[in-house]
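Next up: some structures, all given as structure tokens.
Common to both upcoming complexes is chain A, partnered first by chain B, then by chain C.
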Partner chain A sequence: MALEYFDVAVLLVVLSLASWLVVKKRSRQSILWLSVFTLIYFGFYRNGCICSIGAIQNVTLSFASPAYTISLTALLFFVLPLGFTLFFGRTFCAAACPLGAIQDVVIIKPISLPKWLNKTLGLIPYLYLSLAVLFAATGTDFIICRYDPFVGIFRMDAKFHMVVLGVSFLLMGMFVARPYCRFLCPYGVLLSWMSRFSKWHMTITPSKCIQCKLCANSCPFDAIDYPTNEKEVLKSGLGPKKFLTYALVIPLWIAAGVFVGNRSHTFLSKANPDVFLAELLISKPEIKNDKDNIDVQTFLSSGKTLETLVSEAEIIRHKFYYGSMMAGGFMGLVIGLTLLNTVVFRKRQDYEPNRSNCLSCTRCMDFCPVEK
Partner chain B sequence: MENNKTQNRRKFIQNGVRLSLLLSLGTVTAAALRKVTTDDYVWQIDPFECTQCGRCATDCVMKPSAVKCVHAFALCGYCDLCGGYLKPDSINRDTAAENQLCPTAAIERRFIEEPYFEYHINEDLCIGCAKCVKGCTSFGNGSMHLQIIHDICVNCNECSIARVCPSNAIKRVKASEAYLVKGDFSRKPKA
Partner chain C sequence: MKNKGIIIFLIVLAVVIIAVIAGDYLSGRPDKSAPNPFAYDVNDFKNVPEELIHFTESKNFKLGFEQATSITIDSDKLYVTGDKKLQVIDLSGKLLSEINLPDEPKTVEVYNDKIYVSVNNQILVYDPNGSLLNEWRNSDENSMITAISALENNVFVADAGRRKVIRYSLQGEKLTEFDGKADEGVVHGFIIPSPYFDLDINADGDLWVVNPGLHALENYTEDGNLREHWNNTTMQTEGFSGCCNPAHFTFLPDGRFVTSEKGLVRIKTYKPSGEFEGVVAAPSKFKDEGEAPDIATDSQGNIYALDFDKKMIRVFEPK
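Coming up: the complex of A and B.
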């Protein structure tokens, strides 16, 4: 299949071009056209499969399952955007992601969300990522692909509830800009880690910020950090004491997360068809007489014994036992660190893009009056 | 001066974290590369494990399904009373529409010589419901079987039929050997 390798080449070209347009050329117009190309090629022509977001699961499964070997194209789709982001910021989100592109073109009147809401909703991607990795690692499901809201629009064909989901995301996206990218996308989590430490992240101003405040409300994603007001900080009582308290509770958050993971592993493991079938056959033995239950009837006629099925299900549940606790611990750590971040005071003199949340869409640049 | 120091420390930390992120990304890639294949994967039905449950027709993301019936002529008995073509409980043994198994009349019956008939599948009409496959497997040689047709299949990262397949008959196969055809395995079905 040469087309898959052509896709990788296209991705590489789009990423390079996007990075150059964002960091060097600083042209919103070109980025817009490039994202329209991405939308048409990766979205409507290639039907949005395979994408970098879903490739997380392929990489996870290749580590978790000895039988699964990952295809080179899936691995490249996973790695290339992350590598680019580490140097140029999230230019992938700006122009190379079809899911981002379709949301970007419907932004009409973006509203600014309060900071606490932004932060709270911003935790959802971490949860989504941990669940996606958990389900992929246990060989249960690829939830990122299954609940991709836009793939149905790209294919012009999907189950009714997925169409409703996709359309409502687009409708919401008219006012809350790019809701999937900001409050769901699990790949965005990895990208934000990379972007935070990127070498040549885009800047709002081409030379020196004159603090004219013109860009302050230009970002539809609330990703511009304002200059710090030291008086306000003094009043708020931030200090080493508060920082230490928040830092010391992090282990408690992790412990709480592990506990929640431990409690929920039985529930989560029911998503696995083998576990589900085994539980069903044990809890409701009369289901064996249900001629309409295809799964049960197929199992009964397969010649496999219930003992084999149960022991297989137990192995999977065992994986869920450790996986859920790890996912829970990770979520606890994330919550703890997010809270810690709220009491950290960073001196900032200028209007700057928030490197982890900035999608490098370059809208703010048009508002900057400073000449190069 | 002090400001410079903070700047330098911040820069140092940033560079350090960037380097470690780069290293971890490299490690993940290298680890994944050990299990990489340059041959892409596609989904295919193992006809010997298929139990003809009918979900291929209902659960594919494509409408109609990318799963179609293919016919291994080398295995076919060319019967007059074809278990894949005629309903087993029909009142009259004739080829009237109400006696045909296929809900979309996708099977075309051609006369060869007494008493032999050849059965052709019209792929454009076939919806992959496996009714004929079930009939053929139960009463005949099993020459009719289901395959995912790759010029229709969009090759989802996770096949939505594979997820619900009760016998786990749908597997990832290498794209260079994309079909698991019964009978003559070197022959690929007409694309």
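Coming up: the complex of A and C.
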């Protein structure tokens, strides 16, 4: 227990240091070494648990289940990075996340992805977040932990297929920088929201941008926004009409999402072991005689009746009914806003980090010739 | 296309990632669960490497018993009990004599031309001609006599029902009894979950008693003081497993232990120190979940196993 509080203290120190190194010191080298420390301490020494990413589920379950009480350390791991991001941008991603650190050290030859692909893949974390919250709220599974591709590597006890998953992400990360962070991490969604409003987000240049374009291709995460070319914008037909159309379509996207959620709740609820077992025992009653089926035998030896199991499964499915529609509606809103965002014209004169996607790694700073 | 190789590589990795996640999600469901990893399955332990088997089965004798019960050897003659009889057989399998008993016998011991047979938890003493010399009464209804061994002026009797070893004089007078508990609590006492409780005396005159619940063999003085013990609990070939093993044991002429186990039926030898030496007969030699054979040894170091399931005496010679 004392070690868990020590972990919180270490996280606080690392976040503070990372924020100072990013915003004030502007040192890529220091950030790199700090992330190596994070990788060793939070990753290999503390076995990647507890982590802020997984804490989403603890927080969700604490709201959904009165029987579950979240530990103070889990809550702090969830809240502290969000708080720091609100002020300093995603410095947690830069140096305090072991999952980010392990991917950051394998970036060899990052390639730039087309904008449409970036946008499309960027929807996956929202979907993952929706499902993680839905599954945690229904007490079904902690899927973020289950599919954490690196925790098995940290603990060196992963099953073979999870090793394959982790290694695949690392191999992919040699060319697509930090793929898990950018295209899967559900906590990244929350961090990107906070980062948009960050008060002291890092800047590429320490003073005035001289438009040298040296930083243009420096970001391996495609997180630098270029200065806007008004002529091209005019040519593309962006304007209030298109904006209004896309904005008015958002409720339709939400409705479509709710519909999809409604239709998929039965399928999704089967991820819950009780629901699946109840359906299995009803559809295949002969499975009760399968002595090798540990799940069935465990249920039979528990003394619980099938009627009780079915009524419990019905309650869970009912939760999925509403939860799936909410998740679907959320995804519809995200898709609608993402599309709307493509027709929003923001005037930009300099090369700037995209506050939402920038991981504050400070690589771009090394390319900037401007002195303070 | 620029970076064509990398893009193909990335697509392959993306497919692998999706396949792993989808495969993991769909597996482990109750209808696709892997076999119970905690299932009690001893099949793997039935296989014994050939190099560990130090004996070979040379011959066997069919028995005239419907239900054999015990075997011992004295002066290279086999004494076998079963049904309501005791048979004396030479080492080639030829019946030498037969003694009728009043009821079904449980165990037999031969020492100094006297035959001690347990019948209905009483001990009957016969001479080699079959004349009843003495009858030691035992009125304890909880008794279940499972082994007898004699030396000089003492006859030791293992009583599984009362979890005690009782020492009698040659005349049948009860001298003392002990339950295997040490004063300092070093030794737990005899743990006997099922009626398998054997004892024997080696060529040096040392009394050894099985503590089957502890998978131990314990050496006691005639007054019941523990001198030494060894145990070996493991599912592997070199040790004992289950509730109560070894079920039977005896000694080779050079002092090595020969043990017989139930559950995973097998016969093995151990050095006098208790170190595992080798296998006499692997589980494949016996009926699955059959009874542990009673065992005896002759002066040549051959081992005679009374196979209750096949109703025969099986002889194992050193390779």
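Before moving on, here are some points about what is shown:
One rule holds in what follows: the second predicted complex is superposed on the first by the 372 of 372 C-alpha atoms of A that agree within 3 Å, B and C clash if a C-alpha of one lies under 4 Å from a C-alpha of the other, contacts with A are read in each partner's own complex, and residues count from 1 in each chain.
To be clear about the criterion, a residue touches a chain if its C-beta (ideal position, glycine included) is under 8 Å from a C-beta of that chain, and two chains touch if they have at least 3 such contacts.
These numbers were taken from a predicted model, which means no experiment stands behind them.
Three-chain overlay on chain A, with chain B and chain C in a clash. In the superposed model, A:L123 makes contact with neither chain B nor chain C. Of the two partner chains placed around the shared chain by superposition, chain B and chain C are both touched by A:I294.
When both complexes are overlaid on chain A, the residue A:T69 reaches chain B alone and has no touch with chain C. Of the two partner chains, neither chain B nor chain C is touched by A:V370. In the superposition on chain A, A:L82 makes contact with chain B only, while chain C stays out of contact range.
Of the two partner chains, chain C is the only one touched by A:K284; chain B is not. Put simply, more of the residues of chain A are touched by B, taking chain B and chain C as the two choices.
Of the two partner chains, chain C is the only one that A:S168 touches; chain B does not reach it.
In the superposition on chain A, A:A247 contacts neither chain B nor chain C. On chain A, the surface patch touched by chain B in one complex and by chain C in the other comprises residues 146, 273, 294-295, 297. Chain contact summary for the complex, chain A toward chain C: residues 109, 111, 146-147, 149, 161-162, 164-165, 168-169, 171-172, 175-176, 271, 273, 276-277, 280, 284, 287, 291-297. Residues 6, 14, 17-18, 21-22, 25, 28-29, 31-33, 35-42, 51, 53-55, 61-63, 154-158, 160, 163-164, 166-167, 172, 175 of chain B are the ones touching chain A in the complex.
Of all the residues in chain C, the ones that touch chain A in their complex are 3, 6, 9-10, 13-14, 16-17, 20-21, 23-25, 29-31, 33, 35-39.
Note for the complex: chain A touches chain B at residues 1, 4, 47, 49-50, 54-55, 57-59, 62-63, 68-75, 78-79, 82-83, 86, 141-142, 145-146, 155, 157-158, 193-194, 196-199, 273, 294-295, 297-299, 301-302, 347.
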